[in-house]
Amino acid sequence: MIQMVASRPATGEVSSCRDAYLSAYRWMLLGRILDEKFASLYRAGKIHGGVFIGRGQEALSVAIGQSLRKGDIFAPLIRDQAGRLAFGESVLEAARTYLGSVLGPMRGRDGNVHRGRPKEGYLPMISHLGAMIPVVNGMLLARRFKGIAGTVGATCLGEGGTSTGAFHEALNQAAVEKLPLVLIIANNQFAYSTPSSRQFACRSLVDRAAGYGVEGHSLDGTDLTACLKVVGEAVANARDGRGPQLVVARLLRLCGHGEHDDAGYVDTKLKQSPVGRDCLKVAGEYLVRQNWAERETLVAWRNEATQKVEEAIAKAQREPAPDPYTENWCALASKHLSEVYE
Amino acid sequence: MSITYLEAIRLAQKRALAEDPRVFIYGQDVGAFGGAFKATKNLAQEFPGRVIDAPISEDAMVGAAIGAAIEGMRPIIEMQFADFSTVGFNQIINQAAALHWRTQVPCPITIRLPSGGTSGGGPFHSQSMEAIYAHYPGLIVMTPATVEDAYSMLLEAVAIDDPVIFCEHKYLYYHLKADQLPTEAMPTGKARIARSGRDLTIVAYSAMVHEALAVAEELATEGTEVEVVDLRSIKPLDTDTVMASVARTGRLLCVGEAFPWGGVTAEVIARVASEGFGLLDAPPQRLNAKDTPVPYHPNLWAVHRPTARSIVVAARKLLRQ
Amino acid sequence: MSITYLEAIRLAQKRALAEDPRVFIYGQDVGAFGGAFKATKNLAQEFPGRVIDAPISEDAMVGAAIGAAIEGMRPIIEMQFADFSTVGFNQIINQAAALHWRTQVPCPITIRLPSGGTSGGGPFHSQSMEAIYAHYPGLIVMTPATVEDAYSMLLEAVAIDDPVIFCEHKYLYYHLKADQLPTEAMPTGKARIARSGRDLTIVAYSAMVHEALAVAEELATEGTEVEVVDLRSIKPLDTDTVMASVARTGRLLCVGEAFPWGGVTAEVIARVASEGFGLLDAPPQRLNAKDTPVPYHPNLWAVHRPTARSIVVAARKLLRQ
Amino acid sequence: MIQMVASRPATGEVSSCRDAYLSAYRWMLLGRILDEKFASLYRAGKIHGGVFIGRGQEALSVAIGQSLRKGDIFAPLIRDQAGRLAFGESVLEAARTYLGSVLGPMRGRDGNVHRGRPKEGYLPMISHLGAMIPVVNGMLLARRFKGIAGTVGATCLGEGGTSTGAFHEALNQAAVEKLPLVLIIANNQFAYSTPSSRQFACRSLVDRAAGYGVEGHSLDGTDLTACLKVVGEAVANARDGRGPQLVVARLLRLCGHGEHDDAGYVDTKLKQSPVGRDCLKVAGEYLVRQNWAERETLVAWRNEATQKVEEAIAKAQREPAPDPYTENWCALASKHLSEVYE
């Protein structure tokens, strides 16, 4: 993956910037279209449980996935479809989990955004906000024990999640251990219906960095260029041994909390303000303005992505659901220690 | 008029707010939004300043409720899901539950736990935590199974001078309806005979009461009369009513939606076995969820928790013994 | 040579560190200081970098252990007291316990809980939390009662591919001594007949085993032979050994130091009542701590928890039935 | 109680300063002597459980107790004997709790530092660090509900306690609600044996204030003048509606974690550095230097305090211990809902 480390300008910088941007845009687009598909399946009653999408947060999310390398660790959250794809998740894997295919990584035992492959550094979130951060810390600690250097762990949280004790304990833990943790906060102005003013009282969450003794970064999350640059820098810093990096992005959730929520509580003024810009549109326009892509190309990419999504969904839908009678109903890895209840 | 279980919870809170100035509600999104399940819909508007959005800080939410209770308030805490109460666990069991015993100052807080499984809920939005809380001295644990109980027990929870864990079942929120709100209620700590019978006692609580009733219905067509006891609260647990029922039927099946190790069903059977051994004509049996996290997929979930289908099998087996 | 229960725990950790490079220890003050109880004394010096002081962050401690386990390590977490594990509760039951079931990736972490009451310990340094953890799918819960088991079961805990809650009893730390370390051990999940008898089975675990043995001693002088079953682990719980004992004696008394609602004693009685009803010549009985927080004052504490004195009363009563 | 608000100089300032200082010194002295008595009783095997003392932290602690008024809330921690006394706890009450007298406020059910009278705004700590902060918040919230203005809630924590999720959730909660909370952190360099370097990575814990949007204060905790001034200001700010105040004091624990601990891990250099000064000695010398008291007076005060302590201890020792057979063994306030287990 291409990294954009501002402090290390290279001769090929412009083209590498362009390449990174183009690649990021296409992941964003794919993420958006996949999310939209899940939302429409939800409305059609074809999804079990809720659907949570990342509309408006794709630029930030993709910047994370794209700044990470193979061997790095990624613990995404509910709005990270784009970042998951950029990190290496296939559309089919996402589709399988949302549609409850037994061939998905969670085999129907867990679903929707709760998916991952821990052994590949891709963690499946539990619901409790903040709870993934110390797990990433532990993986990074393990690598230190094993003498593996140069890998980074990135994880995401909403501004609401910063109010959890878990967030605090884990960020402090990473700081004390000087772990290569990149913690990305998407301040999308709301936690479900709760506005940021009821969530914290500091000017910006980036003001927390000093209190942990970690580097802080803040950025406009609607601007892909800024996302790639700042997240890329944070990842590079962590990789360079500069300890945990706290990245705080300003943006707006351009959807409901979940697809069941019409987000009627979001003020129109806020939607029309700069924070309410759609990062995908902004990025597309930038591409055209920079002459990095034609409008028609964008349309072609969209069609391509749509087709990819439709194929994966169709495939996952044909796949078998889990069968409770062949399910082993055993929570333990040590099967012989499992108890049988009749 | 038709009132759902969820609406009963909303109306009980509304009445508590209206009648008692010491009551306030604190929880994530409970304010203008009316809560994730709309259990506080319009209450912030009707009672300005008394229905307050909390940050995502369950530990601090419960801690603040305890402090407010010390000062004489009667807070209701809404957990967005029972499962998130793990984060407030320490305050609940160590601060709230121990306060009165340590200091003789009562701690009248109500913690609402939207509990139990729903289709597609998955491991972290489906848990039944009643047994965890019942284990700790100093807590009352309510598990209403009907619209009427949802209403009257929540009012009672707010009135009680002790911390009450109010386990409301999400599966019942919309499914269950009643024609009107109750005007009187059984006292806390009394179980209810949900259906009379003389062949077998099924003890259940919360959503499982309805599965048990369906089993009674089914077995009635075969001439077997099942008595269904709805525990209503699991701490205190009304051993007398359970024993009286077992005295009538001689057979006990206890059903719970929680995990199988320990829990309500073990407690009920232990009590009956030790205090009412002679009443039993057959070994007491129990049925719980499976010993795995609650699965996401409906196919798995339907088999993970007890349902009329699995209960009837257990009941038939027990009737043959 | 005389080895205490505490020293056995230290030596097991020392051996685990020596034999398995994947093992490390993480907890408050476990490093140079050697831990609040000295269970890790000298280990930081002997295994540099592998015995690590943690900040006062139980949630993050457990979370990090889970992450390290995912990467193939075998962390041992020391809670300073079992009571503080409430703060790590969410990671234990929702992240560690569910990991393998959700992902098929094992989570081999050991969480040491210095458990149980000591004189003057008070409500927050005395708790027995085994039942809370045993309720959750995906955890193994060990409750060693002897120096030998403290040693061999802790080694086993580290070797097991699942999260193990290791409830070591503080009261036994110094009281209990053995001449040497065991060279072989019973497998996890097997209960032990701590003393044979034919008149009454007392099922116990952890510190209560020794109270039960004292009772057996006392009753033996009167010609009554008590069989004492030491459960060793409460999840898995060795129902077969318990049932076989009850088959011999016909009488069951189950003793635990935890709070009375639910817990190990209820689980044991529920199992025996439902699977071994016909073996019982008298109603199975149980004895637990009282239903209040654990008191600070020794006068109160001595009555709050079961002791040989109260167990013998219950045993006599049961023998008369 | 006298407050020292630097921003509001008064004509009587010097004498009020002196009065405050003298009063504070005497509480410090009483706290120190009481602590020493508990320590010696512990060594003599006369105390059940542990003994935790505040040696070296009396100046900070007393400043809190003395800055508060009747009607305020105080949730002290293990090293706050001096502050407890200044807030209004009697020596006898402390003695009764430590000696397990049934006449103490906890009646033998809880003991040593776990004592208080919640209805009088004096909270009995539970052991779990950080857990008292949200309780103070809730009391302050309740007062807002009840229209009671002008009261303040103060609570204490060690630097180790700042690593708990509870600390974070509660300080953030207070900030969001703009509560009159004064949170005093005694950074005494160690949490049990753990040095601050293993506890946090920021330069000073006061750097956390900005991250919560609260006012921060830092001070030399060995200097009673600074303690009275800064804590007094923080309390006054909170009372004035300026929201939560975070106060961070530098000092050294001049004792073991508990009396069972010889604190052999504390570096001699640290003990000899300014942070290792004994605040009581420093204050006594200041008193003499200022001509506010004669050396002989200090000795007389000490003797007076010693006598007071001895009397209370003697009395508490003669009092009955709790009787398990008259104990009601009921955890509930609603006795009728209590279950009986045989």
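Should a chain be cited, it is by its letter among A, B, C and D, assigned in written order, with residues numbered from 1 in that chain.
As a working rule, contacts are C-beta pairs under 8 Å (C-beta built on N, C-alpha and C of every residue); 3 or more make two chains touch, one makes a residue touch a chain.
The structure displayed is predicted, hence computed values, not measured ones.
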Identify the chains adjacent to both chain A and chain B in the sense defined at the top. C, D
Looking at Cα centroids only, farthest away from chain C lies chain A
Would you mind pulling out the distance in Å between where the CA atoms of chain C average out and where those of chain D do? 36
What's the distance between the Cα centroids of chain B and chain C, rounded to whole Å? 30
Indicate the whole-number Å distance between the mean C-alpha point of chain A and the mean C-alpha point of chain C. 41
Distance-wise, how many Å sit between the C-alpha centres of chain A and chain D, to the nearest whole number? 44
List, in ascending order, every residue of chain B touching at least 2 other chains. 54-55, 57, 59, 83, 86-87, 90, 94, 97-98, 101-102, 123-124, 137-138, 235, 237, 261, 290-293
Going by residue number, chain A touches two or more other chains at 106, 109-110, 114, 126-128, 163-166, 169, 172, 176, 198-200, 330-331, 338-339
For a test of understanding, state which residues of chain A touch chain D in their complex under the given definition. 163-169, 172, 175-176, 178, 197-203, 205, 207-214, 243
So, in the complex, the side of chain C touching chain B is made of residues 83, 86-87, 89-90, 93-94, 97-98, 101-102, 123-124, 131-132, 134-138, 235, 237, 258-259, 261-267, 269-270, 272-278, 280, 282-286, 290-293
Residue numbers of chain A touching chain B in their complex, please. 47-50, 100, 106, 108-112, 114, 126-129, 160-161, 163-166, 191-194, 198-200, 265, 321-325, 327, 329-331, 338-339, 341
Once bound in the complex, which stretches of chain D touch chain B? 105-106, 109-110, 114, 116-119, 123-124, 126, 128, 131, 133-143, 145-146, 165-166, 169-170, 172-173, 176, 330-334, 336-339
Interface with chain D, chain B side, in the complex: residues 24, 49-50, 54-55, 57-73, 75, 90-91, 94-95, 97-103, 105-108, 137-138, 140, 160-162, 188-189, 235-237
